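Shared between the two complexes below is subunit A, which pairs with subunit B and subunit C, respectively.
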Partner chain A sequence: METLRFLLKKLIEDRVALLGALLILLLIFTAIAAPFLATFPEDIAEFHPPNRLIAPDGTYWFGTDRMGSDIYSRILFGARITITIAIIAIGVSVIIGVPIGLVAGYYHTWFSDLLMRTSDIFLAVPQIVLAIAIAQTLGPSIENIILALSATYWPFWTRLVYAETRSIQKETFIEANIALGASPIRVMFMHVLPNISSSIIVRTTIGMGGTILTAATLGFLGLGAPPPSPEWGRMIAESREFLPEAWWYATAPGLAIFLVVMGFNLFGDGLRDILDPRIRRSVRHDE
Partner chain B sequence: MRLLVLIINRFLWFFPTILGLMVITFTISHVIPADPVAFVAGDNATNEQIEALRAQLGLDQPMHIQLFHYIINLARGDFGVSLYTLRPISEDLASRLPATMELTIVSVLVSTLIGVPLGVISAIRRNSFLDHVVRIFTVSGLAIASFWFAILLQLFFAMELDWTPLQGRTSGWGPEHVTGFFLVDSLLSWDLSELRAATLHLILPVTTLAFPAMATIVRFTRAGVLNAMNSNYVLYEEAMGFPKRVIIWKYILRNALIGTITQIGLIFGILIAGAVVVEAVFDWPGLGYYAVQSIIQSDYNAIMGFTFVTGVLFIIVNLLVDIAQVFIDPRET
Partner chain C sequence: MRKLTSNSQQASMKRGLIPAFLAAVIISVTGLLAPINAAQAKNTFVFANASPYDTMDPQVVFDVGRVAYRLNLYDGLLRWLDNPPKLNPWLAESYDISSDGKQYTFTLRANAKFHDGSPVEAKDVAYSIDRILALKKGASSLFVKVIKPGSTKAIDNRTVQFNLNKSSAIFLATVPEIHVMNSDLMKKHEKDGDWASAWVSKNDAGSGSFKLKRYDPAKGFLAERFVDHFLGWGDKYLDAIEFRTVKEINSRVLGLMKGDFHGADGYMPQDQIKRLMKTDEVNVFEEESMRIFYFIIHNGRSPMNDINFRKALSYSFDYTGFIKDILSDSVARNPVPLPNNIWGAPQGVKGYTYDLDKAREHLAKVKEPLREITIGALAGYGQTEQAAVLLQSALSKIGVKSKILSETWPVASGKMRNEQQMYDLLPLWKSTYYADPNNWVGEMYYGPNIGSRNNSWYQNDQVDQWITEAIGSTDQAVRAANYAKASTKVMEDAGGIFVYNTKWFGPYNKNVKGVRFCPIGNAQEMRWVYFE
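Then we have the complex of A and B:
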């Protein structure tokens, strides 16, 4: 409780991080309340060809798309897709990556080397390239995007947890626990993990931004949910043949992606400054 | 001696890493649910024709035999044939490599030449107005979707203002082929109209690619300079009365740049990843454009070839950076 209050106080002082937190809250709120906020909620599945490509006005706040659907309403529902992909893909990556990193960091055998080298091979290919290969072979769908992202993002957590475990291992309290006869599992999960959790939280927050960006890119390349899904990346891809006349078509989804990724990056940077003063300011999320 | 062991160690891991990459691409390409053979054969093919094609492509053999042949073939530079055009993939990739390399190299140069000075200045004038502007700039560079940024650039500079071409590498036939790099080739053949066309066509794709890379470089340089400014040797030099200018540009920058140089591997990764999207938007006839075409045509052989080549390029760059790091900054190892 005390830690939480300290965190909140620090967060309110850091206005930039606060802005990030607000953007994230806005995304979550939008995703939940989409049916109530949307002016044309039925436009997710319905087409109105007579209304196609209308510029933004009082009725259609962000204009309409090639099918005559309201872009504002579709953006709101797109938030659901974005947040679902990001949470599940990152969740799976953490669940796979963290235990592997713990085991590889805790034991000093050939098996540790093998685990780390395997994760290095995954890191040896740019994430988006590997994700394209996986998503393409599995076929375009939200589930496959999540699978592709999880399969390519877990090594980031393995690397981080491995390094942190190795460095914390030399601490007296860990050695004392081992001397007292604590089992390796107990030491790893009860003593090492809680002490490196702040790095994992920071990494996860910034990772959300990167994952959303990659997911949108896959959607843009046509590997995401098939139409008429209101996926932001796909909406931008659809807009291309109607440029420059329908300038509004790509504007709103692009801004949505930008603000959400920005939110996670700013919030992650702020968290890092508070929780992990050793490292200053993040570098690009997919390092 | 320790350095030598380290370098040899890095080299020894090169081949297992490549082998692991082969296993990954093999695994991905052989668990596909859709039947690529039926796709290539077309709707009217008989079962016998499909089976014959399957045998021709070697897809009727047991998995471990297929993996073995796959690795042997890849090691020989044979990536198989495109399922769409039936042309050898290695030839397709080789002919598109220069376009991507030209785009990537120019982007690295542009992002470094702008990013390093910006990073130094914003570190020296920490918390000034300029520092805040640069920060907004870098934060945006890391958050913007490059395909969206590319489309915005096209919309304004090509469609509305008509300052730059919309897409492609050149408006003519391209300069006489020597290296495949249009900038170099047009200079070699002294074809100034081609040089002008090649430069104009590079502006928007390079801007798109260099923006996130530059943001990364600015952050690294800024952090490196700030770090160096607080170190003991700088305090010592200040106490000895060295002029501030000399301290900053000679001692601080040299140490700060070590961090930036070792990030070239990372930046190269950002650029290769970005190139897929940027080439797709600008119809830039490189590896990324080829990959996107292959996605549309469900040509999984070609995609695996692209994945493998990109992976190998990336591994080589990282190996070079690792080795360079051992020499530049032995403290890090």
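Then we have the complex of A and C:
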């Protein structure tokens, strides 16, 4: 409770991080309340060709798309897809990456090397290229996008956890634990993990932004959700044919991606400042 | 002593390297600039093409997206020109057909020359058709059933004789697809019996109005006027043509508006055509074409093998919404698998309308078990996605679940030839390859073509009989009646969802004159074009 209050206090002091947090809250709220906020919730699967490509006005706040659907409503529902992809992909990456990093960091055997070199192989290929290759091979769908992102993101956590584990291992309290006869599993999960969790949380928050951007890229390339899904990257891809006349068509999903990615990055930076004093931003007015 | 020499040699080499490097840079830079400057000095026509030119071999490709090099670098015995398309003598000055309709004798022009200066002779024609039959690619499917390899004879230098297995009413219409290649040159470049495929995929062995100058699969090709072309040249012509690959629609449109491109394909989204029409830099030519848009239905698979299900599909497409609103009335409703404007097209056929009540009626009669169906779409061709989405939305209203699978054209065209992999439905265009009704209903719904050009796995004995009769007959009245009956029957059977027939909207720079449109080739033959 005390730490939470401390966190909140720090967060409110850090305006930029607060803005990031608000953007994230807005995204989550939008995703949950989409059916109530949307002005034309049926426009996700229903189309009105006579109304196509209408500029933003009082009825269609963000204009309409190539099928005559309300872009504002579609953006709201698109938030659900975005957040689902980001949470599952990042979740899977953390579940795979963290234990591997812990084991590889804790033990000093050939097995650690094997694990780390395997993760290096994944890190060696540019992530987006690898994700495109996987998504293209498996065929376009949201499930495959999640799979492709998880398969390419886990090594980042492995690297991080490995390095943190190695550095914390030399601490007296860990050695004391081992001397007391604690099992390796207990040491790893009860003592090492809680002490490196702040770095993992920071990495995960910033990683969310990157994942959303990569997911949108894959959607833009036609590897994501099939039409007529209101996935943001796909909406931008569809809008290209109608630029620059229908400027609102690309602007709305583009802004949505921009704000969400910015939100996660700002919040992640703020969290890092609060949780990890070692790598605090250099210029701070409150210090 | 020796060491000293080698050191000084090294030093002098190093000293020599820098100027040599600079010289190399200068040469390569000027080398790069030279063709561009030369091209700008003369009048070069630059065409922005959506599809990449992955080969220069005219006999392995048979599509409209890459037609430009076939028409401009190569000649056929005959050629389709103008709109409505007429078959014109080209390399051949005349031809004779035997009374049994099996022997076609062509007399070649005396003055036709290949780009290397050697004369076009009968042996080159015989070589070219044998090469098509041997490679089994491109247009070969038009000929394999009627011509045996080696059966084409060069009677003398100027007379070539085709001996068909059986009389074929469409043979003459397909002759323009036999692009004549320089057989002596080809044989010189042949390796391990490859019919010089490796060499000619990057080079030119033709006699066409333009001669290949530069080719890069990533960029396109540049060809210069062939001064000795047998048709001669008037006083207005282009010195060179460049067909450049420009995949993004907006780049093509902006390039046209800026004047970087002088022409582009005539099938852009109507919203972009409207935008081009507003500018002063660009003229948009409008022509009635023959290119129908339809959904292939996989008739061989359940539940689409049930006629009531297919009828339910046909009643579930919003034809008016699609044509009037999405395509701004730029196309005409075409209810049968034959363009309205070709002879043989049945007159007064109403076709299906958007009527969900009727769709539900038919759906209730379906005996096959229902399931989620897959509607394909072509990634990058927005119109196919919009059509698929529109159909999906209507189907969900009558309780038919569907999902859309948007894939690239190479992936989709591969699946189209495989009964198991083929989508349940796929929206697609069928262009003109030869101006004969057989090009549409005769290719698309003819039983013997299943798996090659009949991608619907549609088979009806009566339709097959009508088409076989039409191919065998030389009486146009009989043929027209048969194609009309066949296409009406396919429509009644709901063998596909037939949507519209296209108009061609060719955007050209305002200074471009002499564009000659033909539905075969979409005005990409440039020999009459000039700048004013």
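Couple of notes before you dig in:
What we mean here is this: the second predicted complex is superposed on the first by the 279 of 287 C-alpha atoms of A that agree within 3 Å, B and C clash if a C-alpha of one lies under 4 Å from a C-alpha of the other, contacts with A are read in each partner's own complex, and residues count from 1 in each chain.
Convention: contacts are C-beta pairs under 8 Å (C-beta built on N, C-alpha and C of every residue); 3 or more make two chains touch, one makes a residue touch a chain.
Predicted, not measured: the structure shown is a model, and the values here were computed from it.
Using the contact criterion defined above for the overlaid structures, shared-chain residue A:102 touches neither subunit B nor subunit C, since it reaches no partner. Residue contacts after overlaying the shared chain place A:209 against subunit B, while subunit C stays out of touching range. Of the two partner chains, neither subunit B nor subunit C is touched by A:200. By the document's definition of touching, of the two partners only subunit B reaches A:262; subunit C does not. When the two complexes are overlaid on their common chain A, residue A:222 makes contact with subunit B and with subunit C alike. When the two structures are aligned on the shared chain, A:138 is found in touch with subunit B, with no touch to subunit C.
Once the two structures are superposed, subunit B and subunit C can be ranked by residues of subunit A touched, with B on top.
When both complexes are overlaid on chain A, the residue A:243 reaches subunit B and subunit C alike. Within subunit A, the residues touched by subunit B in the first complex and by subunit C in the second are 139, 222, 240, 243. Looking at the complex, you find that subunit A touches subunit B at residues 117-118, 120-122, 124-130, 132-134, 136-139, 209, 213, 216-217, 220-223, 233, 236-237, 239-240, 243-244, 247, 250, 253-254, 257-258, 261-262, 265-266, 280-287. Across the interface of their complex, subunit A is touched by residues 248-250, 269, 271-272, 275, 318, 321-322, 324-326, 377, 379-380, 382, 385-386, 388-390, 392-393, 396, 403-407 of subunit C. Within the complex formed with subunit C, the subunit A residues making contact are 45-47, 49-50, 52-53, 66-68, 139-140, 222, 226-228, 238, 240-243, 245-246. If you check the complex, the residues on subunit B that touch subunit A are 13, 16-17, 20-21, 24-25, 28-29, 31-34, 139-140, 142-148, 151-152, 154-155, 159-160, 212, 215-216, 219-220, 223, 226, 263, 266, 269-270, 272-273, 276-277, 280-281, 291-292, 295-296, 298, 300, 303-304, 306-307, 310-311, 314-315, 318.
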